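Next up: some structures, all given as structure tokens.
What follows is chain A paired twice: with chain B in the first complex and chain C in the second.
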Partner chain A sequence: MNLLQEIYQSIVRRDPLSTDKGKSELVFLNVWLHIHPAKVKREHMKFTHTFYLGFITLFLFLILITTGVALMCYYRPYPAAAYQDMKDLQFVVFMGPFLRAMHRWSAHGMVVCVFLHMCRVFYTGSYKKPRQFNWVVGVVLLLLTLGLSFTGYLLPWDQLAYWAITVGTNIGGYAPLVGGQLRELLLGGHTVGEAALLRFYVLHVAVLPSAVILLTMVHLWRVRKDGGLSRPLSKLKPEPQQKLVTIGAVPEIVQLKTQPALSSKTYGLMEVVTGKPIFETISPEEEDDAVFSYPFAFVREALALMATVTGIMTISLFFHAPLEELANPAKTPNPAKAPWYFLGLQELVSHSALLGGVVAPAVMVLALLVIPYIDRNPSRQLKARKWALGLFAAFVAVNLILIVVGTFFRGPGWAMVPPWVHVVGGTE
Partner chain B sequence: MERRLQQIFFALSFLALVLIVGAAWQANTPRWKTYQYKFYELEAQGEPNALTKAAVLATPPEVHQQLLTGLQRVDRCTTCHLGVEDPTMKDAPEPFRYHAGLGPHVPSRFGCTICHGGQGLATDKESAHGKVDFWPNPLLSKDYIRASCGRCHKEGDVPGVPELTEGRHLFETQGCRGCHKLNGVGGSIGPDLTAEGANHRSPDWLERHFLAPNTVSTGSAMPNFHFSKDQARALTYYMLSLTAEDMGSFYSSVRLIPGPAYGRQLFVEKNCITCHNIGGVGAKTGPDLLGVAKTHSSEWLDEQLVNPELVYPGSSMPAYDLEPNARKALLAFLISATSADADSILSKRPAKLTPEDVAIEAGKQNFSRFGCVGCHGTELQGGVANPNAQGGEVPSLLHLSDDYTKDEVIAVIRNGRTPPLDNPKGLAPPLYMPAWKKVLSDEDINRIADYLWSKQQTKKAEAW
Partner chain C sequence: MDRRSFMKWSWGVGGLTALIAAVGVSLGAVLRFLMPSVFYEPPQAFKIGNPGDFPFGPPTFLVEEKIFVFRDREKGFSAASAVCTHLGCTVNHFASDQKFHCPCHGSVFAADGSVQHGPAPRALDWFEVTQARDGQLRIDKNKVVPPSYRLMV
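Up next is the complex of A and B:
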């Protein structure tokens, strides 16, 4: 009995959860739960402020890792075997179709959620000082998510995969000077083939996931270090009144008194770090509004987790992941389309290769990266940000329209064909 | 509020559990298991012994599959079609019925899809029968299934499939190679047919195409050859059999032992004697073949048959489109061939040939083998429709000598020619004379000219 108790105590060191000390220790003695401080403000948890999109993205990523590792047990990344392994997953692996469907729908879901998360952060102005750098990290994570989805797209080695990647990498090849070389580096050749499949596999299961995991750690860390979860606008303190200053008056700067350190004293870290922290802390007057992270925040996040998991499971139970014919380099489908999230680019490329393949994506990525440094307006109030919100809304709308047009309105020969018109004999 | 949230959390967790169980149930109750239970019930009916009966009924359900590395496929058809190799199941209902008349082609060695088509990897009926989206190769209907024999039996007659023999014969005699490549030999006006059977066109499409190319493929350059229904079917059979798959040596064998008798037959069929002699008997254009198997390695001889130009640049010997086993058979014949063989082969030929006759005969062979007959006709009569070319059709070659010298004709064969237009503003005619200098040696072209000249009818003389 004593031994059991000892084992339990060696794992769980906190006080019982019935005490406030226990609730605090649950958080700050635990590496995972340390994602929150021991106490958070009530308004942080307001659903309609964040829609928990960041968390949902994270949970989708966890589902992807879990199902992805399971799928790796059945997959061999070379053309002769890849497609057959897909068929085996479809027909003989226990719960194989369910597994593939969960992975596929979570991947699409993650692309969608990461984008919505970005929109939310922009809308609430949460990228502003001191959070500029975390926005940049977030944009890189968005690009990595697209990269993960794109590299995974090739792996089933069916017609859908083969031609989507062929079209997608061709768009990349339009970049001047380096485009061709980058494309060749990615594909390991001039066309999508055995080498490309292996490279995409390595990127998909090793390089990109590691990068996402590392950057997600930075992203979460910075959320806490830059002031904790985003707060709803209504709860913001009014901006401090500008003090009227008499020109020529002596500035009221009080010099800090310095004192020579005592040689007999050793200093703790908290005594060395001086100055006000850059992030918001819970001030005594806000103490009433603060609650323990456990259970208030964690239960809500666990709820988001379960909602994500059950949602994906329900979809996967009824809709299986697509699998077309074996990849056939000699048989181009008409039209050959890139993955849906690149169809906006493909639509632009159909008008101008330079514009769609080079200028548009470069401008988009650069603009996203520098947003927090260009937007000098310190206010987070919607009324004070009409220009920024208008521009961003236009960016989102143009992207959506291009993707919808590319996905649903483009038929054989990239001609405008509404989705309700059926084209007969398009491929013969 | 907090209590309610916790309740929702537990409700969702329960839902997740239900969904997992649901997915597992879905995965655990495939149709093939039902079929297997039914089959074991059927099998147990005939068992008198109660113990064996119980044992049969207790057989655990499992996926059955044939791993056919030689055929590059895995067939799981016998997961449901459990009785195919069991003669006691000859009256059983489908999918359990015994497959009679298979001969040596037992499913355990050949699988099912190599003949029947369909999707061997699948384990549900619709997918396995290939009648689903994204599986281009559905089950072949009864009418066409014998075409599959030609996928392995690539040479000679296939017993029970006269259509294949007829199709191959039509292909080689109607000049299809003039426009179509097959195994690297042929023209390039039409599509390469080496893997036509793997293009998964429906047999119906192919058959209608042969009867009237333009009705199924608008704007096709292919002339209407006015094939009969039987001929169209024969050609469809042949097309379906062309898959260019590497079947592995076990399966690709036509005559499993490539013996000298088959080699001799090929030696006659391919008219080797029109160029070669054995021990001095025969033509002198090519080298004496007596003892050639002793002076040259079999690899060298094999290469000589596949690609003579590679062995001797400028060699006048044409490349023959022969199966590996056919080449082996020819070599087997050459090991034992004597001048007596050459004598008997020559004596069976219609007449003793002069060197001129040999040249003309070789030209005729080339004219037929490289598909000139496709457009110009077996009797040089021409007449295949070619819209907007002068005269509206491919010209006859019977009156060449009126307007051209032999050298001019040779130049046209070498370099090709687009026919003069009827209406200069109209579309280019679909058929044109390809340039043959890269395919044929000068020697071959000269022979063709010899052959053409031997057939000239002087129009002027007739006119007078």
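Up next is the complex of A and C:
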């Protein structure tokens, strides 16, 4: 019995969870939980502050890794086998269609949630100092998410996959100077074929997931190091008034206030240095609003996780991932459409390949990346950010409209066909 | 600058240069490694069969090569690429209007391959058709010819 106790205590070294010390140690002595603060503010846990979109995105990514590894056991990435393996997954493998559907819906969900998460961060002004860099990391994660979706799209090797990737990689070919070589590098050849399938597979299962994992670590680390979640707008302190200073006047010396240490708490001190912290700090008074992460934050996270998994499972029960006929390089389906999140891009490309396929997306990505550095307005209040909010709303609206037009309003030959008109036969 | 600080400085500059060079060369080598030295793709020049195999009238579509072969009673043989110059979709030839239609973004090419409508940046390619020694027709995709090119057999 003593041995068992010793083993348990060698693994779990914290105090009992009934004590405050135990609750803190649960967080910072645990490699998986220590990304959390020991205490969180109540206002940060409010659902309507963040809609838990970052967490949901992370959970979707975890579902994708789990289902993806399972699918890898039945998939061989070369043209002669890939489609056959998909058929096996669809009709022979136990729970194959369900796992495929989960993988697919989580991927779609992740694209949606990453985008919504970005919108939330923008509208609450949470990209502003000191969180500028974390916004940039977030934009790169958005691009990696799209890259993961795009590379995964080819793997079933059906008509949908083949032509979406043909169109997609040809768009890249329009990039000035390096376009052609870039495309050759990506495809490992001149057309979408055996080499391209293998390269997309490598990107999809090794390169891009590793990049996402590494950057997610940076992203979460920076959330903590930048001072935790940004405060809800309603809780913002009034912005300090600019003081008029007479040139040459003796600067006012601010007396540092000292706070007596509470005897009821244990303070850990890492190092004594001088200088102001770069991150947001909370005053001792504000700490009163904070509660221990265990159980308050963890319960909410667990609920979000369960809701995400249950949601994806429910959708996957009723809607299976489609699989079209075998890829046929000679016959382009009419209309040939990219995945929905790229249909806005395809809509632009249908007007001009260089402007719509290269210039417009490059400008959009660059604009997203530099937002925190060109928006010099320090205020996070909605009233003070009319221009920024308007521009971002326009950006979201344009993207949505293009995607809706590309998805529902384009028929055979990319002609404008409203969704309520049924085209019979089409023109082949 | 005294001798001592010059030595320090040159170590720094020399070391940094060597480091940048090493990283640059390694990155270049990685990029070159990723660029295939041999493409195991179908050859660009190939025989397509005897002239008698091809009917007059509507073009014959060669599936693997993505080429339309036209045979005209007066003028002879010609071969048009079926790859849309916009984003590489395979165009269809409609007998009704004698034009090429791209299903992806609606580009329309006239009978001579020139762009009539849509986002395609340039006309469809026409390839050289020759007759090999054994009498078979031979197409070379590396040799682009004007649309007026014909091979009389």
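Points to keep in mind about this one:
The rule is short, and it goes like this: the second predicted complex is superposed on the first by the 405 of 428 C-alpha atoms of A that agree within 3 Å, B and C clash if a C-alpha of one lies under 4 Å from a C-alpha of the other, contacts with A are read in each partner's own complex, and residues count from 1 in each chain.
Here is the rule we go by: a residue touches a chain if its C-beta (ideal position, glycine included) is under 8 Å from a C-beta of that chain, and two chains touch if they have at least 3 such contacts.
In this text the structure is predicted, and so the values were computed from the model without any measurement.
When both complexes are superposed on chain A, chain B and chain C occupy overlapping space and clash.
Touch criterion not met for A:Leu71: it reaches neither chain B nor chain C. Once chain A of one complex is fitted onto chain A of the other, the partner contacts of A:Ile171 are limited to chain C, with no touch recorded for chain B. Contacts of A:Ala82 after superposition: neither chain B nor chain C is touched.
When the two structures are aligned on the shared chain, A:Ala307 is found in touch with chain B, with no touch to chain C. Of the two partner chains placed around the shared chain by superposition, chain C is the only one that A:His190 touches, whereas chain B remains out of contact. Once the two complexes are laid over each other on the shared chain, residue contacts for A:Val137 go to neither chain B nor chain C.
Look at A:Pro295: by the touch rule set out above, it reaches chain B but stays clear of chain C. With chain A used to align the two structures, chain C clashes with chain B at 181-189, while the other stretches in 145-153, 181-189, 289-297 or 361-369 stay clear.
Residues 428 of chain A contact both chain B in one complex and chain C in the other. Touching chain C in their complex are the following residues of chain A: 163, 166-167, 170-171, 181, 184-185, 188-191, 193-195, 329-336, 346, 349-354, 357, 412-415, 427-428.
By the touch criterion stated above, chain A contacts chain B in their complex at residues 84, 87-88, 90-92, 94-98, 158-159, 295-296, 299-300, 302-303, 306-307, 309-310, 313-314, 316-317, 323-325, 428.
Chain B meets chain A in the complex at residues 2, 5-6, 8-9, 12-13, 15-16, 19-20, 22-24, 26-28, 63, 74, 76, 119, 121-124, 127, 133-136, 217.
Taken together, the chain C residues at the contact with chain A in this complex read 31, 34-36, 39-41, 61, 63-64, 66, 82, 86-92, 94, 101-106, 118-119, 121.
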